[in-house]
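Look at the two complexes coming up: subunit A is in both, with subunit B in one and subunit C in the other.
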Partner chain A sequence: MAKVQLRNLTKRYGDFVAVDDFSLDVADGEFVALLGPSGCGKTTTLRMIAGFVEASTGEIRIGERDVTEYPPYRRNTGMVFQGYALFPHMTVFENVAFGLRMRRLGAAETHERVAQALKLVRLDGHVDRMPRQLSGGQQQRVALARALVVQPDVFLLDEPLSNLDAKLRQEVRLEIRQLQQALGLTTIFVTHDQEEALTMADRLVVMDRGAIQQVGSPAELYDRPVNRFVADFIGHSNFFNGRVCGPGEFKMDTGAIVRFDPEAATPQGDVSVAVRPERISFGHSPAAGTINCFEAEIEAVTFAGPRLDLILRCEGDRIIAHVHNSDGNVATERHHVGEQGFAMWSPSSTRLVSR
Partner chain B sequence: MVTCIYGFLFLPLIFIAFISVFSNRIISFPPAGYTLQWYFNILSQVQFVTGFVMSFQVALLAMIFGCILGTLAAIALTRFSFPGKAFLNMLLMSPLVVPGIVAGTALYVFYIQITELFGIRLAASLPGLAFAHITITIPWTVRLVASSMGGTDRSIEEAAMNLGANPWKTFTKVTLPLIRPGIVAAALFSFIVSFGNLEMSLFLVGPGKTTLPIAILQYLSFNLDPTIAAVSVVEIVIIGVAMLVTNRFVRISSIV
Partner chain C sequence: MLGPATLFVLAFLLLPMLVVLRYSVNRYVPGGLMLQVFTLENYAHFFQDHYFHKVLLTTVWVSVVCTIVSLVLAFPLAYFLARTRSAAKSLLVMLVVFPLLVGNVVRAAGWMALLDTKGVVNSTLEALHIIKAPLNIMYTTGAVMIGIISIVTPFMVLTLQSVLEGINYSVEEAALNLGASPIRTFAKVTLPLAMPGVIAGTSLVFILCMNAYATPVLLGGPSFQMMAQTIYDQISNTQNWPFGAALAFVLMFVTVALTVIAQMFLQRRYKSAE
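Take a look at the complex of A and B:
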């Protein structure tokens, strides 16, 4: 495995900039997820690394090699495609052996390595099946084995879980992560599913409209988003517009003051305040010592299993607060529409983000 | 309804087979008796035998070269973008639009000019006929192969390249096997279209260099006995067998 360095990668289609000045270092053995809505340029970036899309400008280095000008078949990347892209006219064995045959390995070594790879994905015993005879999950494993058997320098995954049902997705997610860690695979993973990215990756790259919005660990991105896009794309956030009016003080458009941690980094320019729904509590009277406390009225209540979602009208905005179903007694009747009370959260739960 | 349509389609074929065993010298109804002598008569008419051989050779050549050229054109049209692509597509389809007799006449004039300029004789020759038939097989191959190219997932070819296959290996190991059904169907249709072609060949045949459909036409000018029906039955059987055999390798219905 090898490290991957992307320097100022840009892809233009005429006037449209699909990927804009993308720079990223992926360490040897690191699992990085490119996350963003569809059309944000994440897949184009991955395809540039694989060599299917030519970069307009910029440089791609895999290990010590500058592969920017290399055709896909000389880059030694292992890619798993969204639709698996198995060769429908070949058996499982031939599918997995394809890359080894292209590398002109001997028959004995080919057999041994294919068997090993199939065992790794727990598919030994299916070697003679055709892809169409396998379930979606099994086809996916073949695609994984086929990409891994050639010992690529970097493992590229393009939304590999999007065709699986929810239950299987959970399972495969864990499996890919374990495989990646056991083999020390340098992995770049493209997804639009934030939960997938948060649970699998060492580091996340959030993209929007072709540009990197923020790079960081899952916890960093969730707890310290730098802008409104990241705060809203990863998890949910409630936003209040206004401006900073003093150290640790933010004046909302309604005139009310929200206090935030003055030690936290403050972004430049126009800012909003972002508060996570699970950090907001709702009560009938202000709890002792609560600093941010605003009158609120319940507009709707929805039961979501592990929690209750309260839709509140607060400071002219509609916000969401989560109530945890920790005692199995969070029945909807405990809260009702039209109920008056207070929304409360601490300054440390108050994040300033650029708009 | 469906039965009616099939009946309408098959009735002429059944009737031809029926007529071919009439014993009347001139086709008339009702039959005076039944005989197989017309089938033996085919063999005694030398123009049918040579016509069959000629048609078979022409159809084979037109099929082989039409498939190669048509497949290459289909790949270019589906996989690459280049200036004049729409025009090329139209050009390749045009033999279907131009009446065969017009195209045949034009080719005849063209062949004569080639002969005058280079001394190469193309009119009334096997290469000349084959070349003419290639132009009418290409629209079929291009359409059939292009549609099966369109049906294959581009990422399968990308997967091959990702695994280290260069463009040639990708084509031979992955693309070609994937579009094989389209090519087989194209070959079959090319053969049939060429084998049965009459109007385009009219000006391009000569004494001793006649295709079967033209031999039939010429025979019809002077005779009206059931031999014609017998020849037609033989031709229908040959094409039918070709379709059945092809269908064993690829399901034609899944392509056309």
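Take a look at the complex of A and C:
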């Protein structure tokens, strides 16, 4: 495995900029997820690393090699495709052995390494099946084994879980992560599913319209988003517009003052305040010591299993507050539409984000 | 299951074939009608006369060459058509089909104008001082092959294109990703997956070649003989219907046999991806 360095990668199609000045260092053995809505350039970035898309400008280094000008078959990357892209005319064994044959390995070593790879993904015993005889999850494992058996410098995953049903996805998610950690695979993973990215990756790269919005650990991105896009794309956030009016003070458009942690970095330009729904509590009287406390009225109540979603009208905005179903008694009768009360949250839960 | 199509085939293909099969075992009476007997002498005549062996061999040879050349010419074009996302794609497909809108005879006449000793090709080459004396292209096997290939290639392109379109491009990318050069990707992935199309296309084109009539007559000249012309001569000029019918069945048998053998060979060589 090797580190991957991307320097000012840009891809233009005519006037359209698919990827805009993308720079990123992926450490040896690190698992990085590229996350963003469809069309954000994450797949184009991955395909540039694999060599299927030529970069308009910029540099790609895998290990010590500058592979920017290399064709895909000389880059030694291991890619798992969205639809798996198994060779339909080959058995499981032949699929996995393909990369080793291209590297002209001897028959004995090929057999040994294929057997090893299939064992790793718990598919030994299926060597003579054709891909169409396998379930989606099994095909997925063959694709993983096929990419890993060649000992690539970097492991590339293009939405590998999107064709699996929800239950299986959970399972495979964990398996890929365990495999990645056990083998120390440098991994770049493309997904539009924030939960997938949060639970699997060491580091997340959030992209929008071809550009990196923020890079950081899952916790960093969730708790300290730098802009409104990240705050809204990773989890859900309630936003209030206004402007900073003093140290740790933010004046909402309604005139009310929200307090935030004055130690936190303040972004430049127009800013909003972002508050996570689970940080907002709703009560009939202001709790003692609460600093941010605003009158609110319940507009809707939705039961969501582990929690109750309260849709509140607060400072002219519609916001969402989560009430945890911690005692099994969070039944809808405890809150009703039209109920008056207060929405409360702490300054440390109040993030300033650029708009 | 006797749908209208089945009835149509029965009435207009199977019945006439049975009639011709019956003719092929009749006895030829020069200058008269044929005798309703049961004899294999027409088939014996074919097997004994080297002239007809030569005609059959020429037919097979020309058909094999034309089929292979047309496959080689058509594959890159079909691949491009299958993979392009150009807005002009349907226009390009129309252009491939376009030659079929011109009848065989008209097209052969066009080739004559091009390939004749005073034709466009020779006069251009002479004008450019590349050659001194005109090349003899017309009335050669080469001219016939050029003419036939130009007719059958569109069929090959369309057949291959439809199969190539069904191949997910990501499997080719997977091969490249695993270290296969473009040539090995083609040999190990694209071609095996395209095999159903190659088999269908070569079968279709080979059959068309074996039965070519107008093109060899017009571009091959009087001394060049392929089976379809010879059969026509027997039936129309010599009035020997029984022998013409026997030749027709020989041609059909050889065509079917070679097609089946080639298919089996190709299928064994490349396990098709069904």
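By definition in this document, the second predicted complex is superposed on the first by the 355 of 355 C-alpha atoms of A that agree within 3 Å, B and C clash if a C-alpha of one lies under 4 Å from a C-alpha of the other, contacts with A are read in each partner's own complex, and residues count from 1 in each chain.
We adopt the following convention: contacts are C-beta pairs under 8 Å (C-beta built on N, C-alpha and C of every residue); 3 or more make two chains touch, one makes a residue touch a chain.
As the structure is a computational prediction, the values presented were derived from the model and not from experiment.
Partners subunit B and subunit C, brought together by superposition on subunit A, clash. By the touch criterion stated above, A:78 is placed in contact with subunit B and with subunit C alike. Once the two complexes are laid over each other on the shared chain, residue contacts for A:99 go to subunit B and to subunit C alike. Using the contact criterion defined above for the overlaid structures, shared-chain residue A:16 touches neither subunit B nor subunit C, since it reaches no partner. Of the two partner chains placed around the shared chain by superposition, subunit B and subunit C are both touched by A:50. Counting contacts as defined above, subunit A residues 50-52, 71-74, 76-79, 81-83, 85-89, 98-99, 102-103, 146-147, 150 meet subunit B in one complex and subunit C in the other.
Only residues 153, 155-156, 158-166, 169-170, 173-174, 177-178 of subunit B touch subunit A when the two sit together in their complex. Subunit C meets subunit A in the complex at residues 168, 170-171, 173-182, 184-185, 188-189, 192-193, 270-273. Listed in rising order, the residues of subunit A touching subunit C in the complex are 50-52, 71-74, 76-79, 81-83, 85-89, 98-99, 102-103, 146-147, 150.
Residue ranges on subunit A touching subunit B, taken from their complex, read 50-52, 71-74, 76-79, 81-83, 85-89, 98-99, 102-103, 146-147, 150.
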